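Please find the structures below.
One chain, subunit A, links the two complexes that follow: it is found with subunit B in the first and with subunit C in the second.
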Partner chain A sequence: MQPILSVHNLNKYYGNQVGCKNMNLTLYPGEVVGVVGESGSGKTTFINSISGNLIPDSGKILIETGNETIDFLEISESLKRLLIRTELAFVHQNPRDGLRLDVSAGGNISERLMSIGQRNYGNIRQTIFKWLDKVEIDKSRVDDFPRTFSGGMLQRLQIAKNLVTSPKIIFMDEPTGGLDVSVQAKILDLLRKLVRELNLSVVIVSHDLAVIRLLADKIIVMKNGEAVESGLCDQVLDDPQHSYTQLLVSSVLQV
Partner chain B sequence: MIELNKITKKFTLHNQGKTNILVFNNLNLKINPGEIVALTGPSGVGKSSILKMIYGNYVFQSGQIKVNDHDIDHTYPRNIIELRKNIIGYVSQFLRVIPRVPTIEIVMEPLLEINSDQDEVREKAEKILLKLNIDKNLWNLSPLTFSGGEQQRVNVARGLIRNYPCLLLDEPTASLDSVNKDIVLNLINEKKDSGSSIIGIFHDEYSRKYLNAREIDITKISDAK
Partner chain C sequence: MNNVLKFKNKKTDVAAQDEIYNFAYLDENTKRMIRRALIKALCIPGYQVPFSSREMPMPYGWGTGGVQVTSSCLTTDDVIKVIDQGADDTTNAVSIRNFFKKTANIETTEKTSQASIIQTRHRIPEEKLKEKQILVYQVPIPEPLAFLEPRYQETKKMHALSEYGIMHVKLYEDITKNGHIETAYAYPVKTNDRYIMDPSPIPKFDNPKMNNNPAIQLFGAGREQRIYAIPPYTEVTSLDFEDYPFDPSKAPHKCSICGSNESFLDEIITDDDGNRSFICSDTNYCNQRMENN
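Showing the complex of A and B:
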């Protein structure tokens, strides 16, 4: 099997400041890779650099579409935008960054559908209802504005909005950050189900090791912009080899 | 078949004065299909470490581990993920699940990896839960609020719903009453009879005898002091 996404020697600097350097990643279909590290370690810079939100200074990003291998940093701007709307998706920590608040819930979900050329109102409406159901938002809320939604509902709406076009690769930056624990559990359950049902490939950033343990197959531990350790998720967490990972794992409070 | 050849395992605690703890030096072990091996010895000698090395949770410094002729090789995490899907099953001592997910779904999950027929999988999950005396009223609740014995049986149900060629059991009967213990032991025997290679830690003599297990005293092969 071919990896659906591979990142080689990726570097991103802010002036002289290291954003992330020498980063590598291999993501196979159906796999979840977690990126962990303390704040300021370069997690968000990394995920933004591989998802088209930021332009890295050097490195290679290869995306396998099934028909061809796309060199993500070399393609035209228009093709890149098309990819971002179809094959890729980005779930922000703050759902307000990923949703249009002055457009109805249904309108938010239909945006990506219409951008890939769907015009049949009946079909679109049906797909919207299917996705509201998947993310457990009551159908009666379809025409309501997101600003009337709770934080947990907003996050579920953002997930629906992103997944409606069946993207192959999903990037998530702290998708459960800022949510209270019971809502977090619900989102985690939803994400796990969707990953299995739709065979999603996911890169997820979180500072919460428990979240990563429950969701990820593989893990990358970052410190000062670099990966200090990577590998099988529960192995890195159960038997960390690098001193920083050992510190990180032993710093988690037990409940 | 599970084989461990010349395994060295040590822990280096970087943040605690770079302390080195040697657990095994030249560990050799072989578990044949249709055989149950029981690891014995006081806690801290490395019984769980052996299971965790086979499952891939723990790395080892040298030597070779093979399950059904496949290498446990940490340079290829993808391969270990595949082995866990198809070859190695693991019943741990503790239940680690997402809060609020119903028991029935937790038990169904490993089988859904290889069978997408929801109804068929649900039927199998119900069957094993019934066998393990988990009350029907509990199936749609999260097991996190269950008693210790119930949680353990949910864990067993999840681990034994499939037929893995290699099975690792970490005290699967530790907090069970005698009736339920026998039920779990019978399930394990069924797996043995179907040809699984089974290695486990069983805290009581009774379970080891019931399973007719080959006992290995880890104090004799461990270097942990």
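Showing the complex of A and C:
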């Protein structure tokens, strides 16, 4: 099987400051890769660099679309943006970054559909209802503005907005950050269900080991902009080799 | 230069001509700069060309963009018509017409068919335009995406890459809220199957007239410093949904002066009891019909 996304020797510097250094990643279809590390370890820089939000200084990003392998850093801006709004999706930590707050919930979900050329209001409406159902938002809220939604609902709306065009690769930056524990659990539940049902390929960034353990198949542990350990999720978390990973695992609160 | 010379000759026998102005107010270099922008705009229908808008002797919002475009197109042989919401006799129309009479000493008319340049605010004349006529629109906000995407640089990118999904989001919201597309003026169009364009705040009733029009259509936005254009016989389509097609719509009334069933109507409140009547917004069209009957 071909990996759907592979990243080779990716570097991103902010002046002399290291953003992330020498990063590698292989993502197979239907797989979830988790990236963990403390604040400032370069997780977000990494995910932004491989999703098109930031331009890395060097490295190679290959995306397999089924027909061809695309060198993500070499393609034209127009193709890149087309990919970003069709094949790729980015779920922000703060859902307000990924939503249009002065457009109704339904309008938010419809944007990607219409940007790929759907022009039938009735069909678009059907798809919106289908997705509201999938992310467990009541259908009656379809015409309400996101600003009237709770934090958890906003995050679920952002997920629906991103998944509506069935993207191949989904990037998530701390999707449960800033939510209280019970809502976090609900979102994780939903994500886990969607990942299995739709066979999604996901790169997820989190400082929360529990989130990663629940969702991810593979894990990359970052420190000071570098990957210090990577491998199968259970293996790394149950038998951490690097001293920093050991510290991370041992510092999880046991309730 | 020719223009200036020709004009100077003509000027000698017109005592009323104000001597301190160059022909049509703007200096020749400015006109050349604007003509360059106009040619570029005509080559890329619907694309907004930046130009260095001049301070004009009228406030922004009164047609400074249109006046600059008209001024750059004028020759001594031109006959100019100026309309404001379809009317030849409102303040804006009269003052701009007088402006060109004074600074260019050219012939003016109220008859659509006799004008070679028509400057318009928010209407397209009812009478069909012909080849060799120029229609100049006054534009307040040239960017159709402005109210949806506030970052100018981002809208430039969206135009460049034809990322127009969000334009339909606006129409989607309209249908969701009102059951139909509520936008009644400045209704967005796609020009030559490429650029999405704001037709300036003309009623959507006029949108179909832009399509395949034999005349040249030029758009000038003075404050926003943008020029765009539709060359003759260019396809202009109004955005819509398959199941909610574009509807130009028209008030279900007749003009109470000329009785026309086809023209765009203004609603006039006639007394304190709320009585109202409808009359053609295009005064020249209405007058002509009265003369012919």
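Going forward, the second predicted complex is superposed on the first by the 255 of 255 C-alpha atoms of A that agree within 3 Å, B and C clash if a C-alpha of one lies under 4 Å from a C-alpha of the other, contacts with A are read in each partner's own complex, and residues count from 1 in each chain.
Operating definition for what follows: a residue touches a chain if its C-beta (ideal position, glycine included) is under 8 Å from a C-beta of that chain, and two chains touch if they have at least 3 such contacts.
These figures come from a predicted structure and were not determined experimentally.
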Just to be sure I read the superposition right, which of the two partners does A:Tyr28 touch: subunit B = first, subunit C = second, or both, or neither?
first
First, second, both or neither for A:Ser110, with subunit B first and subunit C second:
second
Kindly classify A:Ser243 by the partners it touches after superposition: subunit B alone (first), subunit C alone (second), both, or neither?
first
Is A:Leu232 touching the first partner subunit B, the second partner subunit C, both, or neither of them?
first
In the overlay, answer first, second, both or neither for which of subunit B and subunit C A:Ile70 touches.
neither
With the two structures laid over each other on chain A, which partner does A:Val183 touch: subunit B (first), subunit C (second), both, or neither?
neither
After lining up the shared chain so the two structures overlap, which partner does A:Asp217 touch, if you call subunit B first and subunit C second: first, second, both or neither?
first
Overlap of subunit B and subunit C contacts on subunit A, residues none
Write out the stretch or stretches of subunit C touching subunit A in their complex.
157, 160-161, 163-166, 168-169, 172-173, 175-177, 240-244
Where on subunit A does subunit C make contact in their complex?
77-78, 81-82, 85, 100, 103-104, 106-107, 110-116, 119-122, 124, 143
Parts of subunit B lying in touch with subunit A, wherever the complex brings them together:
11-15, 52, 56-59, 74, 77-78, 80-81, 96, 98-101, 112-113
In their complex, what parts of subunit A are in touch with subunit B?
26, 28, 31, 181-182, 185-186, 188-189, 192, 196, 213-214, 217-218, 231-232, 234-235, 238-239, 241-243, 246-247, 250
